[in-house]
Each structure stands twice: as C-alpha cells, then as structure tokens.
Amino acid sequence: MQTHTAKRVEITIEAVMQRRLTEALESAEVSGYTIHPVLGGSGRSGHWSREGQVSRASGMVTVVCIIRPERLDPLLDAAFSILDRHIGVVNVTDCVVMRAERF
Amino acid sequence: MDTILSLAAANLISPIILFFALGFAAALMRSELSVPEAIAKGMSLYLLLAIGFKGGVSLSEHGLDARLFFALIAGVLLSFALPFVAFALLRRLTGLSVVDAAATAAHYGSVSIVTFVAASTVLSSAGIAAEGYMVAVAAAMEAPAILSALWLMARSGGGAAGASALGPGLIREILLNGSIVLLIGAFAIGAITGPQGMAQIDAFIVAPFQGVLCLFLLDMGLVAGRGLREARGLLRPGLLAFGVLMPLIGAVFGLVTGLVLGLSTGGVALMMTLSASASYIAVPAAMRVALPEARPAIYLTLALGITFPFNLTLGIPIYMAVAQVLTGG
Amino acid sequence: MDTILSLAAANLISPIILFFALGFAAALMRSELSVPEAIAKGMSLYLLLAIGFKGGVSLSEHGLDARLFFALIAGVLLSFALPFVAFALLRRLTGLSVVDAAATAAHYGSVSIVTFVAASTVLSSAGIAAEGYMVAVAAAMEAPAILSALWLMARSGGGAAGASALGPGLIREILLNGSIVLLIGAFAIGAITGPQGMAQIDAFIVAPFQGVLCLFLLDMGLVAGRGLREARGLLRPGLLAFGVLMPLIGAVFGLVTGLVLGLSTGGVALMMTLSASASYIAVPAAMRVALPEARPAIYLTLALGITFPFNLTLGIPIYMAVAQVLTGG
Amino acid sequence: MDTILSLAAANLISPIILFFALGFAAALMRSELSVPEAIAKGMSLYLLLAIGFKGGVSLSEHGLDARLFFALIAGVLLSFALPFVAFALLRRLTGLSVVDAAATAAHYGSVSIVTFVAASTVLSSAGIAAEGYMVAVAAAMEAPAILSALWLMARSGGGAAGASALGPGLIREILLNGSIVLLIGAFAIGAITGPQGMAQIDAFIVAPFQGVLCLFLLDMGLVAGRGLREARGLLRPGLLAFGVLMPLIGAVFGLVTGLVLGLSTGGVALMMTLSASASYIAVPAAMRVALPEARPAIYLTLALGITFPFNLTLGIPIYMAVAQVLTGG
Amino acid sequence: MQTHTAKRVEITIEAVMQRRLTEALESAEVSGYTIHPVLGGSGRSGHWSREGQVSRASGMVTVVCIIRPERLDPLLDAAFSILDRHIGVVNVTDCVVMRAERF
Amino acid sequence: MQTHTAKRVEITIEAVMQRRLTEALESAEVSGYTIHPVLGGSGRSGHWSREGQVSRASGMVTVVCIIRPERLDPLLDAAFSILDRHIGVVNVTDCVVMRAERF
C-alpha cells in the first residue's frame, strides 16, 4: 500500500482550554484532529484524577493531530500560543499514513 | 447563644450531614469508594432543576415583589465587594502571592449552590419559609466576583495577562455557564407554570429531593476529603483560619443586607449562607482560563475542603439561628 | 380550528415543552450546559422501560384484542410505505442527492419513541385513554422503513453497496437494537405481571415519569439546538419545508389508518404521532453502516432539529385535537 | 416440597426476575442493548445506600441485641470456612488447577450483595420480617473468604506469590472497598437517625426501590448472559454442577447457623441466601491483584452466569420456604 | 532489556463500524488490539463532539494494534476493506516492544 | 522551535493494577504520566469490553509517559516489576518534545 510520511502531534491540555486550542489549530489551518479523554495524570503540578479531583471543573484531554511534515511548525506555533501559560505537554512522532489526500 | 448551639447540634445528626461525613471519612481513610462523574453531574443537574423550579413556583404563588429587584442588585454588589474583603484578609493572614490571593478571593465573592440547596432544605425541614426569588439572587451572585478578582490582579501589575484572557469568549462562558442557565431557566419555568406545573412534576423534584441530596453529599464528602488529604501540606494555620473566618465575615455582610432589604427570616438566613459560601465549580474553571498561574490546590482546598464542610455543619445552623433571633422569626 | 389552536397554546406552557425550549435556547446561545451521555442514555432506558411496562399492564387489564394484530400489521405497512412518500417529496422540494434523500426518507418512515412518549404523557394528562398495545405498534414501526430506503437506493443503481452492507449482521442489529428489545420486553413483562406487577414498581415508573421527561427533554433541546446551529448552512427553504410538511402528511396517513382500524381517540392520536415522527437513533446508526455516503448533517438536522420540535410543540396538540374531533372522543 | 415449588413458581413471574430474564435473553440473542457503566454503578450505590440505611433504621427500632454480635462472628466464620468446602468440591467435580480452584472458592465464601437485596425484597413483599442487622452480617462476610483462598494457595506451594501480593495495600483495599464502606456507613447512619431520618428520605430509598432493582437486574442479566455466551466453551458439566450444588451446600451451612443463632424466619432465609451466594465484585478485583494467574473467565462465569441466576430464580424461594417450614414462621 | 521492533497502528473509525473492524482484524489474524474512546474531533466531514452531537448514535473510537512488522500489510488490507467507504484515519508508527512472543 | 528527542512509553494494564504501577513509576522517579481510559480489547487472554464484561471489577487503562531517553531503562524495570505476572502490553516510540526542562 502506498504510504506517505507524516507527523503525529499529541497535545495534553486542560479541558477548559480545549476550545481555545482547537480554534487556534483551525486558524493555523489544521482542520483534522481527534480528542481523547484523560482519566488522570501526574506532572510538575502534582497528581490529579477524574474521580478524586477536588473539582469537576478541572480535568484534561489529549488532542492528536496527524499532519503533513511541512505543516508542523505552524501547528506548534498555534499550540504554544495557547499552552504558553497553561499546564500541558506536547510530543511529536514520525508516522506514515495511507490516504495522503486527507491530510 | 445556647439555642444557637443546640440547634447546630440537632442539625449535625441529619442524614444529609452524616452522609457527607461518611464520604469525608472514607476519603481520609483512603477507601476507593467513588461516585461516577456522570452520576455526580446528573445529580447536580437534578438539584439545580429542582431548586430553581421550586423557587419559581413559590414566586408565582406570592406574586412579584419590588424587593426581588433590590435583592438582585444587593446580591450583585455583595459579590463584587466580598473579594476585596477576602483579598485583604488573605494578605494579612497568609503568605499567599497576589495571584493566589486574588483567585481565592473570587471564590469567596461567588457562591456555592449546593450550600444554598442544603440551607434551603434545612429551612424547609424546620418549617421556615423564604422568598422563592432567593434562587435568582444566588444565580446573580455567581459571576461578579470574578471581575473583582481580575481587577485586583490588574491593579497589582499582573493585569495584562488577566485582562487579555477576559475576552468576550470568557465573559460569555461565565454568564452562560451551565449552572446559571439551568437555575434561572428552571426558575422561569416554575414561575410560568406555577402550582399546576408543580403538580405535574412534584413526585420527581420534591419527594425524593432529600434522598438525592444525601447521595450527592456523600460524593461531595469524598471529593472534599480527597482534596484535603492531598493538599494537607499546603494548609498552614493562616489559610485554615481564613477558611473559617471568611464565611463568618461574609455572613455578617449577608445579614446586614438581608435586614436592610427587609427579607423574611428564611430569606435572611439564605442571604447569609450565600455570602458565606465559596464557589467551587464556576469560579475555578474561570480562574484556570484567566489566571492559570494561581494554584488550584490552594483555592479549591479552601473552598471545598474547609469552608464547605464548615458551612454545612456549623455555618448553616448558626446563620439560621442568628436570622431567627434578629428577625424575631 | 379554534379549539385546535387553543389546545396547542395550552400545551406550549407545560413544563416538558418549556424544558425542551430551555435546552434549545441554551444551545443556540452557546451555553456549555450539557447532560452527561450516560445520564441521557440512562433516562432513555427508563422512559422505554416505563412506557413499555405501562402499555403491557394496560393490555393485561383490557384483554387481548384482534385489533392488536391489525394495528401491528398496519404499523409495519405504514413504515414501509412512508419512505416512498418522503423520498418523492424530497426529490420535488429539495436538491438532495439520491443517497441523501433515501437515507432521510428512512428516518421519516420509522418513528421517534420520545415523541410517542411525549404524546402519551399529554394524552394521559388530558385524561384521554389509548390502547396499551400502541407501544408494540411503535416498536414494529422502527425497522421496516430501513428496508424501503435500501430498496430505493438499489432501484437508483446505488444498490450494490447498500445491499452488500445489509448482511445478516445488520439485519440482526436493526431488529434487536436496544430500544426495540427493551420496549417489547417491558411490554411483555407488564402484560404478564399485570396490575400486581404495577403495584410493585409504580412509584418508580409512574410518579416521577413526567419529571424525568422534563430533564430528558432539556437534553434533547440542547442536542437539537446544537445540531441546528452547526448545520444552519445546510438548511435551505426546501429542506425546512419538508421538515414541517412531512410530519403533517405522515399524520394524515396515520389518521386514516387509525380510523379504519377503529382505534380509540387516544389510539388515533398516537397513530398519527407515530407516523408523523422521525427516528433519530436507530435509523441514523443503520444508515451510517449501510449508506455511509449519506450525510448525517442532513438527516439528523431534519429529524431532530426541525421535525422533533415541530411535533413536540405544534404537532401533538394538532393530532390530538383532530383525533378528538374526528372520533367524537 | 409442594409448597416450596409453588412458592418458587410464584416468585418467577415477579417483575424483578422477569427483567433479569429479559437482559439474559437479550444478551444471548446478541442484542446491543446495554446500560452505561456509570448508570449501573450509580444504581448499585443507590441499592447499597438504601439497603444499609433500612437495616440501620430497623436496628434502631428494635434495639441492640446480643445476637447481633454472635451473628457477625458466625458470618465471619462461615466466610472463612466455605472456601474450604468449595475448594474440596471443585477438586472433586472439576479438573481446575489449584489456582483456579482457590480463586473460585474465595468467591463462594464471600457474598453477593445484590442477591441479598433481592432476597430482602422478596421477603418484605411476602410480609416476612428479618433482623435489620443482617446487613452488617452481609458486610462482614465479604472479605474473610479471600484470606482462606490465599491460605489454600500457600498450602499448595503457590503461596510465595500470593502472600507477597497480600501486602498492607491489598488488605486495606479489601476492608475499605466501596461496597463495604457504603453499606456499613449507611447502616450506621440509619441506626443513628432512626425513623426520623427515614421520614426524611423514604420517598427516595423505599418507594422507588423495587423499580430501580428491575433496571439494575436488567443490566445484571445482560452482563451475566454475555459472560455466559463468551465463556460457553469453558463450562464443562463438572463446573456447571458445582455452580448449582455449591449454593445449595452453602445454604445448608447458613440454615444451621441461622437456626443455632435463633434468628427469625426472615433472618434464617437471609443467612441461607448469603451463604449460598457468590461474590462477583469485591473478590474478583482482589483475585486479579493477588492471584493474577487464576482465570476470571472461570470464576466470573460461575458466580455471575450460573450461581447468581440460580439463586435469583430458584434459590431464594427455596431458602425462604425451607426457613418458613423449619422456623415454623 | 531485550527489545524488538514492531509497528503501532492507530485507526480512528466510527463506533458503529467497530465490531466490523475488529472482526476483519481477527480474520487477518490480528488478535491483539486495544480500543480507546474518543470525545470529539474534526476532519473533512466537519466537527463533532460527544456532548454536542446531534445523535447519540454516532461517535468514534480509536483502535490501537501493536504488531510484528511483517504483519502490517495484511492488517492494513483488512482495515481498509472496512474503512473504504467510511470516514476515519489510520497512522502507523515504528515502535519497540519487550516481550516479543506476545505479538 | 527547539526540539529534543525523548521516548514515549505506552503501557496498557489492568485497572486494578494502576495505582501499583504509578507508585512503581514514581519510585523510579518517573513523575510525569497521563492515564487514558480503555473501552475494550483483545489479546492472548481473549476479548473484553467495558459494556459486555462479566464484572465491572475488571477493565484496563493506558498509561503514557514521555521521558528523556536515558530514563527509559529504569522506567521499564519499574513497569515490568508490576507487569510481570499480569496481563498487559508495553510499547516505546521515539518522539520529540519542545519544553525539555519539563521531562
């Protein structure tokens, strides 16, 4: 099967910032992404978990974007414009995709 | 004073308080007991719908009252004003940074609807009536405190960031947050459909209400206990003192307001409860967006781990007793 | 005509309609109010269980009736036939492609159980009895329309794909979909256990029913409003007209069927409601599998954003009034 | 014997049994009907809260009784002892490995709270009273069987692993598992607040109880049926025989214990039910941690797919009838 | 620790097609996979989210399969036999695994 | 944007073992991780799914850790000390991260 290289960007961010992040992605013309729920985690700001958390207001989500390699920089600029003051992590992996016209 | 204390003691052995205590104790003992998030959210929708609807029906029964408007305005002003009191107290009692103090202050200007629900339940068990429109006052008090906190930040030089975050997006989110919309909407529907509407749905929103509140408070106890356990390192004596003093100070503001407005005994008690309570849903979410540097572990632990249990167990009976004595009710 | 309109107006200020309107308005104003998916699904299980069981108990009280079988057959035939009417109307009124028109037609041949539940509630509030077995008719009308849609596709040359998807897997999924199984199962249990069974569980399925329906319709309003807001670009006048005309046409088919079968006033009103309503759960899922090229934004927005609110607010009171006038009930 | 069988037959057509059967049948027919996990968990919290609270109120009405302590001790001893019986029977009837047999034995020493709830409901429908403190006995019987199973493993040389897993972490998890904490906590709250507390929340925990149990058992039927379908390959005749024989043997142990303790008719029936029932929540979780080599498909299918349906349909009426005959109740 | 190279295949697909996809995987002898929930996303067919979606009937899931590299082609053939007419995306990443006998 | 290489470790494990795993990670000084829910899956011990499972007691979760490459070995040792007797799978992918001071 014909394959194409692409980047898989995984952004874990506070749920309250989700809409702002996806709006920023869309204005950077990244229109394909998938959002996964997060049950809990740990980082520099400590532990949290969906069941034990002090407020239902918090919580995080993970946004995964598959993009063409040349679109990586605008995507990261958009993501960090939102992540800047907020907690969250980003990682980028090389991947291959099949139906390239989709990305 | 004696009456106040004996009333408080009687209140402590009601099922709703005891289920809260059960949850709190289970969390401190690290039991894995938990209520699924969807169930907790479902119960909070139920409580908002029920309390809003009942308030609206009561309004429709007693007719509109000019005091409704004055009470709304007074609520908004209280919500604007209390963060300044809280901020000053925090800076005096604790070593919190400006941003942590401002964010915490926002919580104490705003209100906890569950505390309001618990107070309404205790009042109606005691047969003390209150103005139905206090539900609308509760909704009106949710948001203004957030603006005061951002203004406090701006004054301290941290304003650029906060102000930029306060775009039209955030303002709409705050004003149209789910709790406010459901509370006000159910209030309006209750006011429109009146006792006839009530007859259709009272088997859902009246009879099982206290039982649902028990299960809901069990979960609140679990969440509050877990928060307290994880953040115990942060709770210096100054913070602890604030968590108990601030609701009492807020209650005094509420008391004066209620007396000036000429509210009923129940209305005064509810106004005190609202002023004494601290938000733990709407304001934390707004603070994560607008003041992300403020530490949730501080403000949530105070609002939910200290002030909420204090109000539920000691605060509400005290406010009720004071209101009864001073209104002669 | 006057009576019809005044009945419709009275219906509009019931709590169930107003909570739907609240959800709809909140979604249009972009409030973040939402009901957790698990709670919405839990409430729909409750409504199916309750409405099915009540229908079964009523059957056990009134005894079996040859009309039950005729009504079932008539329901199946209506569900087969209505997609052809809908398809022809869509091709005339709108520029939809064959696949979009066929998929949409399937929705209008099938039924919306929540619309049926709302109509039953309004009828019983008005003290109008209906045949208990109408619940079984509702279940029987869910699936046949799907076959008609696939046949419409096959006739237009798109059949290969659709037909291949309609393997035994899909047929079993459609016939044993959760709603049908629970509705028919609860109906059977109600019929078997009768008034004695009812006495054991009526505090759960009768008294709180209307209240649960309010909360459920709040969510439906939110979902319908959000769908409408996102798809507003798609809603050309032709589609809008279809969304309002088709239920009226369906209702006429239901009316004739009900009169021919000799149903009671309530039964005729329910038969009209079923024919007028459009599926938004079982059929969309089947269409995603069998006709994935059809656009959900079209068929869901029509069924849930236009036809459901129309039936809930104007349709049901109209169908009731017409049934009353024509059956002399 | 005749009375026993006719009682059993009457029991089979109650709504709770029939909803269980509906779920079971739907799962076997591979319907996609399902209850969201959060709703199922929410209902189980409700059932635990309600049954615990009712037991506590009944205790407060009848006063403390020395038999409470003897019954608790007897329950603990039964829970310790029954795994040895089960293990011996499994080794005789089936070809299970030591670890699978030990893990399965733990389930049969412990109890199924839902079976207990169903038995209590059937008893109270039949107007047969039981000691309120049987709820506490049920909680006391959950954990001891786990230790017996680990001891059985250790004796067979597999102990190192099991024992190392049984750190203080696991012991705390078992003793403070959510069901035990809520059951005992609600029992204590019921005992403290008594009939007054009951008056506040009975519309929530008494009236709708049987209806909620129907929906809950529908889900149990779905889960049991699915488990049985997936594991049908494993169910050799020996295992099947064990799944039906072991509850009967357990019931005999419970019967003797109940008679020796001098419990009421209802109390004896509940003691038989507890001994006959097999855990399917707390024990499986503990086994995954402590004996991960044991196959869940074996022990869950037996406990939930065979023994639970057996007890629900035939077991409970048999235990009731035997208790009635032998206590002259 | 001894490591082995493998492929991580991530397939995001409509929930109604999940059973058909896993059956296709199994008939291609891919018997190991994990299914993750999806909260929402965006692509050529627009946005959707679990809370705001018009019907509870829809929704997506992500299926992750870790496989030996030589099994990739049959897996992709099986996946695309299902994905063909449906919306969804696939990406493949190189990874390493420890207990190779499991894959 | 300045990037740094890192490892993305993905561990799928039984939910009852989650706390033990994260405690082991923390004692290996891995303090950053995110936990994702799992709806179902299949492996050598057969199928399971959250809705159809025989007991609500079971179920799995996926733990994702982004770490500096030199921390990989201690992490894997910690993970396998828990995974040893339990079902579950681990895979490791190369990735890049932006704000390296976080990891």
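Each chain carries a letter (A, B, C, D, E and F) given by its place in the written order, and its residues are counted from 1.
Definition applied: a residue touches a chain if its C-beta (ideal position, glycine included) is under 8 Å from a C-beta of that chain, and two chains touch if they have at least 3 such contacts.
Everything quoted here is computed from the prediction, not taken from an experiment.
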Intersection of the contact lists for subunit C and subunit F: D, E
Per Cα centroids, the chain farthest from subunit B: E
Maximum centroid distance from subunit D, chain identifier (CA atoms): A
CA centroid of subunit D to CA centroid of subunit E, Å: 39
Cα-centroid distance, subunit B relative to subunit E, in whole angstrom: 45
Per-residue multi-chain contacts in subunit B, two or more chains: 34, 36-39, 41-42, 207-208
Subunit A residues counted as touching two or more neighbouring chains: 36-37, 93-94
Touching pairs among all chains present in the structure: A-B, A-E, A-F, B-C, B-D, C-D, C-E, D-F, E-F
Complex contacts: residues of subunit F adjacent to subunit D: 14, 16-17, 19-20, 45-47, 50-58, 85-87
Subunit E residues within the subunit A interface of the complex: 10, 12, 36-44, 49, 60, 62, 73, 76-77, 80, 89-94
Subunit D - residues contacting subunit F, complex: 27, 34, 36-37, 40-41, 161, 169, 222-224, 226-227, 230-231, 280-282, 284-285, 288-289, 292-293, 295-297, 300-301, 304-305
List of subunit E residues in touch with subunit F within their complex: 1, 3, 6, 8, 22, 26, 31-37, 61, 66, 93-99, 102
Sites on subunit D touched by subunit C in the complex: 13-15, 18-19, 22, 25-26, 29-39, 42, 125, 207-212, 214-215, 218
